[in-house]
Each structure stands twice: as structure tokens, then as C-alpha cells.
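Notes follow the structure.
Going by the order they are written in, the chains are A, B, C and D; count residues from 1 in each one.
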Amino acid sequence: MARVHIHPVQVEFGDCDPAQIAYFPNFFRWYDAASRHFFESCGVPPWRELERSTGIIGTPVVDAHSTFIRPTTYGDRIEVHTSIGEWREKSFLTRYRLMRGSELLAEGWDVRIFAIRHPGDASRIKAVPVPEDIRRLCE
Amino acid sequence: MARVHIHPVQVEFGDCDPAQIAYFPNFFRWYDAASRHFFESCGVPPWRELERSTGIIGTPVVDAHSTFIRPTTYGDRIEVHTSIGEWREKSFLTRYRLMRGSELLAEGWDVRIFAIRHPGDASRIKAVPVPEDIRRLCE
Amino acid sequence: MARVHIHPVQVEFGDCDPAQIAYFPNFFRWYDAASRHFFESCGVPPWRELERSTGIIGTPVVDAHSTFIRPTTYGDRIEVHTSIGEWREKSFLTRYRLMRGSELLAEGWDVRIFAIRHPGDASRIKAVPVPEDIRRLCE
Amino acid sequence: MARVHIHPVQVEFGDCDPAQIAYFPNFFRWYDAASRHFFESCGVPPWRELERSTGIIGTPVVDAHSTFIRPTTYGDRIEVHTSIGEWREKSFLTRYRLMRGSELLAEGWDVRIFAIRHPGDASRIKAVPVPEDIRRLCE
């Protein structure tokens, strides 16, 4: 069974919009933070250290989706439950479940690559195969 | 053919992340701004005015997706091309194309509802049928 | 001696800018969250409940300042130490110290009012005297 | 007389908080964007290009202040009027006036340095003297 990492989030006033509910792009910020905490919990170093040793600058998102089921607002303490859904050759699928206690507030997934700077054009990025050692740490 | 609205965006330093590229949740912020500007360009009043007259507090997103094709960074001037893909009884599908000149950087869509506060529980929201007059303004 | 509330913050990748350090406007987001948590820890209800009972919509900032001493980056676990510096008739001064362990990263303050909607013009806000019961809860 | 650069901003729904007004940390985001546009308008290249040629990674803020006079909300088109208040040896003072037409909404200033990465500790930054050629471009 896939490893599940739980990342707690406090919803803040500044995360909410004039409809008094958390502004939906923040859900993607929370998923993204949860993704990095997932790797951290597996023992993967911060991207800035990986960049020095391997050139990998992070795990940019190439595809992202979320369904928003129930709103949340400031004062709520919620959790992102994160797991890897699938490892592919050059990308991986991560699943997120946003919970308030036992209530499911939102479900998301994204597809990410491991990226290095494009040789010869620093403004572009380039996928590299999923590093075996990172994958092993995360299983 | 569907009406297309073009919303210009300047990518700022503060929109970018340590990988030097625009942080992906900002794409959803740009789509969301483009959605509101689409309605504004059709003559639909701000939600805060609609709330007073109709109770409608906005068009919360129930489903959102984006594919990220090419990164963008600060200094770029880009555009969100917005159109309504489908009107349903209680929701509608909006499509977004993020362009830098003729280059497609990202493609997104979302499903939104017209929402009022839940009668009896102000912390919840409730979908209402798509208002005919708003739909007519937007076609 | 003034009550001090400690609000823990995890610095996330998405809080950082292309210089690899936390983007400075986020310090004000953290101070603002810390301010609300300060009131929460004193037993003051969320603004949305106060609005229903008293019309008070929150404590908008009228003046804000921060000195940035050392940068912080993602992976850091930091704390905002918050205290009320001074209660005035229609405003109050809050002080913030941003700490990483025993290292002072930043120091800020802001002046806030208790605000209601302007009678007759909902787009404006209006200061009211600091409510005695709230002040007493916070001392 | 100091050169003044005008940076237009559209206030978006997602910039606003549950009090229906622009969330104040966004004012600092707008000032920061205006600061970079000021340099851009003077012919200074993007920081990522300067980094390659001079090691300068940007102009981090060491001190920031704003007074908030009138609120603004989504739908507003506003402007940041930016000018350099003072050039010092290793820092400079920038002034910002946030206008809605002829109405002054907020006034801010910040002190910034030109920074390079600390030799020997990439997680720290270090001020360098204000580059003469950049200063000359901006006068």
C-alpha cells in the first residue's frame, strides 16, 4: 500500500476571499507544500541541495486537477493526505485528499517531472528520468 | 462561435518561485481573474452588487484543471484567452488558453456554479440555476 | 508584562522568490495570521461571528512596518512572537518578532483599528472605539 | 526632480479578503512589482541577467513601511507612482504612492540593497555598493 503523508494546514484570514471561503488557488499551494513535505518525510533533501549535486531544480507540475467538494474558511484546521499514485519513467502522479476531521473537502492530483535547467537555454527546463534513489526513498 | 475575452497579465518577480518560473497556483489566479473580467466585459455587475440584488456571492469553482506546457517568468507579458465551453443547468464550463504571443504556455478549464449562501447556515454555499439574464449577456 | 503569543510557521517553496528566499510580502501575511491567532488565543471569536453580533468586520491595518534582518527559506520552521504594544482609543499597536530558534529574522509592527462597514456606503469602512470586552480579554 | 514611474494595477477578486477589500500584504506585492518596473523602465536588465554578469540577484528589501488611507476592492484600476527618494552608499530608498484617479489610497516606502549571494554560504545574501551604472540609468 502506498505511503501516505499527512500535512496539517491552518486556514488563515488572508487565504480567504470576499465570499468568506478559502480562495481555490490556495488549495494548489497546499497540495504543493504537501508534495514537498512528502519528499522531506521520505528523506529527500531540499531542491536547492539537489540542484548543487544533481542539477535537479525541483518537481514542476505539468498537469494539475482538483475537485472542490466543501468550502473551508479561516480558523479551520485541515490536513492534506498525500500519496504517490504512480511512478512513470519521466513523471509521477501524486494524489491529495484535503480533510477537515473525517470530512473530505477536496480531492486533487498532479503530474510532476524531475526537472533540470535546459542546457544552453537557462530560461527553459527539461525533464530527466525519475532518479532511482529518490524513488526508492519514497516507496 | 463562442465569445473570447483576452485578459493581459504581466508576470511579476513575486509570482515566481525558486526555480525562477511562475509558481503554478498563480496560473489558477490568472484564470480566475480572467473569468471575472470575461463577465465584466459582458456587462455583468461585480459579485458584491449581485449579492445585494440576487444573493449571488460569486461563481465558486467546483472543478479545475490545467496543463502546463511551457514555463513563464517575470518580465513576460502574457494573455489569458477565455471562453465559455458549455452552459449547463446549474453550472458552466470555462476554457482558458494562456498565450505568450503565439506560443501556448498552458491550457486550463474549470467548472463553476452560481452560488448563494446556504439559508440557515452562512458557512455553507448552495448552487442556484444559472441566471438566464446573465447567460444571455454572455452569449 | 504584555501577553506574548507564539505562532509557528513553516516556510514553503511557494513562499520563496527567485532569489531563493521568502518573498517579503509574506512576512506581512505571517504577521497578520499571528495577529488573528493572538486574538483567538485570548478567546475573541472569529470576525465573521463578531460581524453578526457587533458589526465589526475585522481589524484592518492602517500602518505597517517591518525590518528584515536575515532571510529565511523553505524548510525553515519559524515563529512569530506577537504582543500588543499599546491600546489607544480607536486603534492599537501590535509588535511582531520573527524568530528561527533564537535568531531574530525580522521585526515588525502594525497599527490596526476595529472596523465596521460605513453606514450608507458599504464600500467604505469606519473605525469604532476599541471594544472594552475585547481589550479586557487580551490583557 | 526625481523620475516618477507609473505602474497600473487591476485589483482582482483573489486579491481581496473576507472584509471585501484588498488584503494589505498585496500592497507590498504591488510596490515590489512597481519597483522592478521602475528599473525596467530605466533600462536595467532583469535580475536573472544581472546575476549572470554581476552576481547581483536582486534588490531585497531591508525595511518596508506603508500607511493605508482608503481601501480598494476588485474592479478598481489603480496606479503605483514610484520614485527613488534617496541613493545611499549601500542602499536606496524608494517611495510609492498608490492612486485611484486623483485619490491617494496608500503611501509606502522601502529601503533596498543590491545583493549578491554570500561567498561561502549560498543561503545568505550580502549587500554590495549601489552599482554606479545602474544608478546613472535611473537618474
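Observations on the model:
Criterion: a residue touches a chain if its C-beta (ideal position, glycine included) is under 8 Å from a C-beta of that chain, and two chains touch if they have at least 3 such contacts.
These figures come from a predicted structure and were not determined experimentally.
Among the pairs A-C and A-D, the greater number of C-beta contacts is found at A-C. Here the spacing of chain C and chain D, counted between their Cα centres, is 23 Å. Here the spacing of chain A and chain C, counted between their Cα centres, is 28 Å.
Chain geometry summary: the mean Cα position of chain A and that of chain D are 30 Å apart.
Residue positions 13-14, 17-18, 20, 23, 25, 29, 32, 47-48, 58, 73-74 of chain D are each in touch with at least two other chains.
Taken pairwise by the contact criterion, the protein chains are fully connected, each one touching every other. Residues of chain B touching chain D in their complex: 10, 12-14, 20, 29, 32-33, 36, 40, 46-48, 58, 73-75. On the chain C side of its complex with chain B, the touching residues are 13-14, 16-18, 20, 23, 25, 48, 73-74, 122. Per the touch definition, chain A reaches chain B in the complex via residues 17-21, 23-26, 28-29, 32, 47-48, 57-58, 60-68, 70-71, 73, 115, 123-125.
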